[in-house]
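Letters A, B, C, D, E and F mark the chains in the order given here, with residues in each chain numbered from 1 onward.
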Amino acid sequence: MTPAPPISRYPVPQLDDLPDDIRARILEVQEKAGFVPNVFVTLAHRPDEFRAFFAYHDALMLKEGGLTKAEREMIVVATSGANDCLYCIVAHGAILRIYAKNPLVADQVAVNYRKADITPRQKAMLAFAVKVAVDSVAIDDDDFAALREHGFGDEDVWDIGAIAAFFALSNRMANLIAMRPNDEFYTLGRVPKARG
Amino acid sequence: MTPAPPISRYPVPQLDDLPDDIRARILEVQEKAGFVPNVFVTLAHRPDEFRAFFAYHDALMLKEGGLTKAEREMIVVATSGANDCLYCIVAHGAILRIYAKNPLVADQVAVNYRKADITPRQKAMLAFAVKVAVDSVAIDDDDFAALREHGFGDEDVWDIGAIAAFFALSNRMANLIAMRPNDEFYTLGRVPKARG
Amino acid sequence: MTPAPPISRYPVPQLDDLPDDIRARILEVQEKAGFVPNVFVTLAHRPDEFRAFFAYHDALMLKEGGLTKAEREMIVVATSGANDCLYCIVAHGAILRIYAKNPLVADQVAVNYRKADITPRQKAMLAFAVKVAVDSVAIDDDDFAALREHGFGDEDVWDIGAIAAFFALSNRMANLIAMRPNDEFYTLGRVPKARG
Amino acid sequence: MTPAPPISRYPVPQLDDLPDDIRARILEVQEKAGFVPNVFVTLAHRPDEFRAFFAYHDALMLKEGGLTKAEREMIVVATSGANDCLYCIVAHGAILRIYAKNPLVADQVAVNYRKADITPRQKAMLAFAVKVAVDSVAIDDDDFAALREHGFGDEDVWDIGAIAAFFALSNRMANLIAMRPNDEFYTLGRVPKARG
Amino acid sequence: MTPAPPISRYPVPQLDDLPDDIRARILEVQEKAGFVPNVFVTLAHRPDEFRAFFAYHDALMLKEGGLTKAEREMIVVATSGANDCLYCIVAHGAILRIYAKNPLVADQVAVNYRKADITPRQKAMLAFAVKVAVDSVAIDDDDFAALREHGFGDEDVWDIGAIAAFFALSNRMANLIAMRPNDEFYTLGRVPKARG
Amino acid sequence: MTPAPPISRYPVPQLDDLPDDIRARILEVQEKAGFVPNVFVTLAHRPDEFRAFFAYHDALMLKEGGLTKAEREMIVVATSGANDCLYCIVAHGAILRIYAKNPLVADQVAVNYRKADITPRQKAMLAFAVKVAVDSVAIDDDDFAALREHGFGDEDVWDIGAIAAFFALSNRMANLIAMRPNDEFYTLGRVPKARG
């Protein structure tokens, strides 16, 4: 039997060795998810960066606003697909399946949002997000106008763009340290509740 | 006379309307720099994101480590050049000129680090940083090995990659909101010590 | 409840309306897989092309040779990932999971084969396949030599390249007609041996 | 005098060693063309793939439909130009010159169909074909609508896309095995009928 | 103290060793600018090419026509930015600042003309110039029409395109020989007349 | 019968209306070639640019040096292929066939120099030329070293790079004005000496 592959190129701290606030945050997510997503323990190698990373994440992903939680995860998955980031596609794909209560949408959005089972409004949202991810220099007034036609306000546009920008960072960190997705994420949310 | 162009697509808060901690941070930078860089007031439109952004920035740019301050700014300028981000090239170009005490290096690094007046070790550092910025999926062991040959340790490599990753976020935010560099940055540090 | 989305931009023939040989082939695959993969019924819109397509497929995927069945499917998944073809990633990803008895490898290979749980020999194989898929004009003797170093013979190289070439066709047909993967493929093979 | 360069990286079978059906096909084309195009003898190295290849070719190129034979060859030449495939540009360029009775059109279409001596309808056809060849993931309803405006029906669009898809395969096979165009193709059809 | 870095990969001739006409031209520019821009002495390594280069330059940059001198320099800076040519960005950036009497516009145009402090007409001009620089094969009637809508005549369009074409040559020569910008160019024109 | 298509988007001057030196040059080439290549009459629309263009051309293409005339034309054809310039591929392809006394080499080099019937030294020369044409910012010492290994001196490298740079200009001018190759060029040199 082969040993479990490493989850990071860098040392992964033990829970006991971490500052209290970081350990508390990790225990909280473990309580909620049933396991500790590797992004938490691998980034904890650098406590200050860990704190800033998750503060930024929470400011964008947990805030009130015009985007649903599923839509925010769609942005993560579509832009992580454009950046070829395995960790984010697999982990946030799982979260998207759960929020959207849709076992198919994550794989669709990761490969080609144009043909995913989502609304035209959501396709416009993802077109903008992917442009921020791969060609932000070319963003102009026409891009904002296209989103307004779908009913997005300026603060929604900030949300869309900022999530794409934050995961531009996240994707690069995951690729840099070869962050490995937990096995659990691959199957989470693949069978809709209908079953239960 | 034309009015001053806007410094953001979004509303820019007045100092008095900001939370105390953010206002204090802004006053502190104003005290030190003699003016308020636009990144502070434009991002303050979203206080929680502001706090996370600068906490992340400080964790990477102010920490101890194997990279000099000038080298960190080189990474910012080179990757912002690859991403065509006007704000970061101009603002961090100024900071780079000051830290490096070199009036030419910022423009050189922004356009083509291969021919800049920097050391072979610094060129290797920037080659890695630009790969993280534009093709992070292809980062592999050979890239780490190339940096080790120049004496960089693994923690230095994290620093290089993480700075490139953080400014992937920063560049996209600046392009998203059309953040305008302060006029002051264009000339800062262009005349070397001869001045004193 | 929304109606099932169409599985092709083009009319999808009824089994009863198809020529005998094509109907027989479809019934055979249905018997074996438990459902009819959409590639069969959507391409049956053009019987002559259907026959050639599956004759070609079988000549490459069912033949004897130096590549295992799982390795052939890895080539399909990696090159379909490079071409952003949803149908082939999802359908052949399922087949890869089953052949490799590995619930993770398909998603890994589709996004970034460099970090998949596969051997260095298989990574070299996929590097060649992806080059055939996206930059075949630049294939030269060095690429053949790199594969020989991993023990691949010239006939193996033909197999690798020809599978990449055939799915260059297949990916484009699927994208052209907006071929939709069967829902079943998304979950097939995701739970390992626990099953037995 | 230098020896004739090889026409394939792989062994080229002798006519006598080939299965009867393949030999018959080759003799038939030799009878008709006056020489044996190298695609026949080089691909005959793999008889099953040979049969599927030419069955597919014939299903697309010899069928009835809304596209003229010259238009089908234009698609081959334009997409092979986009893929930098020497064999297909030279061989199908010759066939295009003959079908179109135009000694200039093949070189024009191979380099830049936008300025070729063809109709606006044919330029729209080639724009679609090249998009299938190089960016099929982005094909959407607007692309179909653009062709309908030029009078193409949905079956014509399948033909255009399928020819582009088939030569995506063909181009990669030719580049893989370094298939060499017969010298004859370079000059065929270059002098218009005036000659006769 | 480090020695001054070389200004070219190739030998740089002494003024005394140059043909009279070339020496006269160089003395003339020195008289006017106060220093000799490195492009003159480095290209003088090849007198015949020198003469043709500057004859071409003068024919485009000194002629009468619908473009102002500042607009011609904008084209140089924007296309040199697209080509990552340090010499031309720095040297012509200085000239642009002086002609435009604007200390900011050169850095803006070099990075992202879409957000520079220029008119919509000038942005349309630069969009065309950059297309000539990086994708001239795709220039078509629509591109000419877009410029006519902004009041450009056909001869103006030739000027715009020809300047972009000439600096495609110039950028490649500068990159080929590693032409180094004079230190003076970095600061020229950065402080507006307010000073005087 | 359709009228002859225009040879330029711009007015084409009559010989009688041209300055004496330009008319003389055109008559000279007509005397030698038997027809007037369209590049002469179309560029004559701008006499000063015409003179500089051909002075530059002659300085590079007619000078003494380590490259044969055929090799210089190979550089033109390979880089014009990379730039998709119909005029230069067709016109200089003809000249290359004549100088090389080889009816095949021009089409080979235009599509894929890696597989052309040329020497390894010539392939190295074209790899460098194409890099100057499409990615000159990345030219570094290793590229010079690679050419030296094939026996090229530094002045030869200047020649190779300068020809690539000059045709970067030429290709863009031809694409800008939609310069049409003379029909004669398509067939010139296609039948080898056997004829004589």
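Criterion: a residue touches a chain if its C-beta (ideal position, glycine included) is under 8 Å from a C-beta of that chain, and two chains touch if they have at least 3 such contacts.
Here the structure is a predicted model, which means the values were calculated and not measured.
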Tell me which chains count as touching both subunit E and subunit F.
-> B, D
By CA centroid distance, what chain is farthest from subunit B?
-> D
Please pick, from D-E, A-D or A-B, the pair whose interface repeats that of E-F, with more than half of the contact pairs identical by residue number.
-> A-B
What whole-Å value do you get for the distance between subunit B and subunit D if each is reduced to the mean of its CA atoms?
-> 51
In angstrom, rounded to a whole number, how far apart do the mean CA points of subunit C and subunit D lie?
-> 25
How big is the gap, in whole Å, between where the Cα atoms of subunit B centre and where those of subunit F centre?
-> 44
Would you give the residues of subunit A that are in contact with at least 2 other chains, written as numbers and ranges?
-> 84-85, 111-112, 137, 175
Throw together a list of every chain pair that touches.
-> A-B, A-C, A-D, A-E, B-C, B-E, B-F, C-D, C-F, D-E, D-F, E-F
In the complex, subunit F touches subunit E at residues 9-10, 45-46, 48-49, 51-53, 55-56, 58-60, 63, 83-85, 132-133, 136-137, 139, 144, 154, 158, 161-162, 164-166, 168-173, 175-177
Enumerate the contact residues on subunit B facing subunit F in the complex.
-> 112, 114
Can you check the complex and tell me which residues of subunit D touch subunit F?
-> 5, 81, 84-86, 89-90, 103-104, 107-108, 111-112, 115, 117, 175, 178, 180, 183, 186-187, 190-191
Subunit A - residues contacting subunit E, complex | 137-138, 140
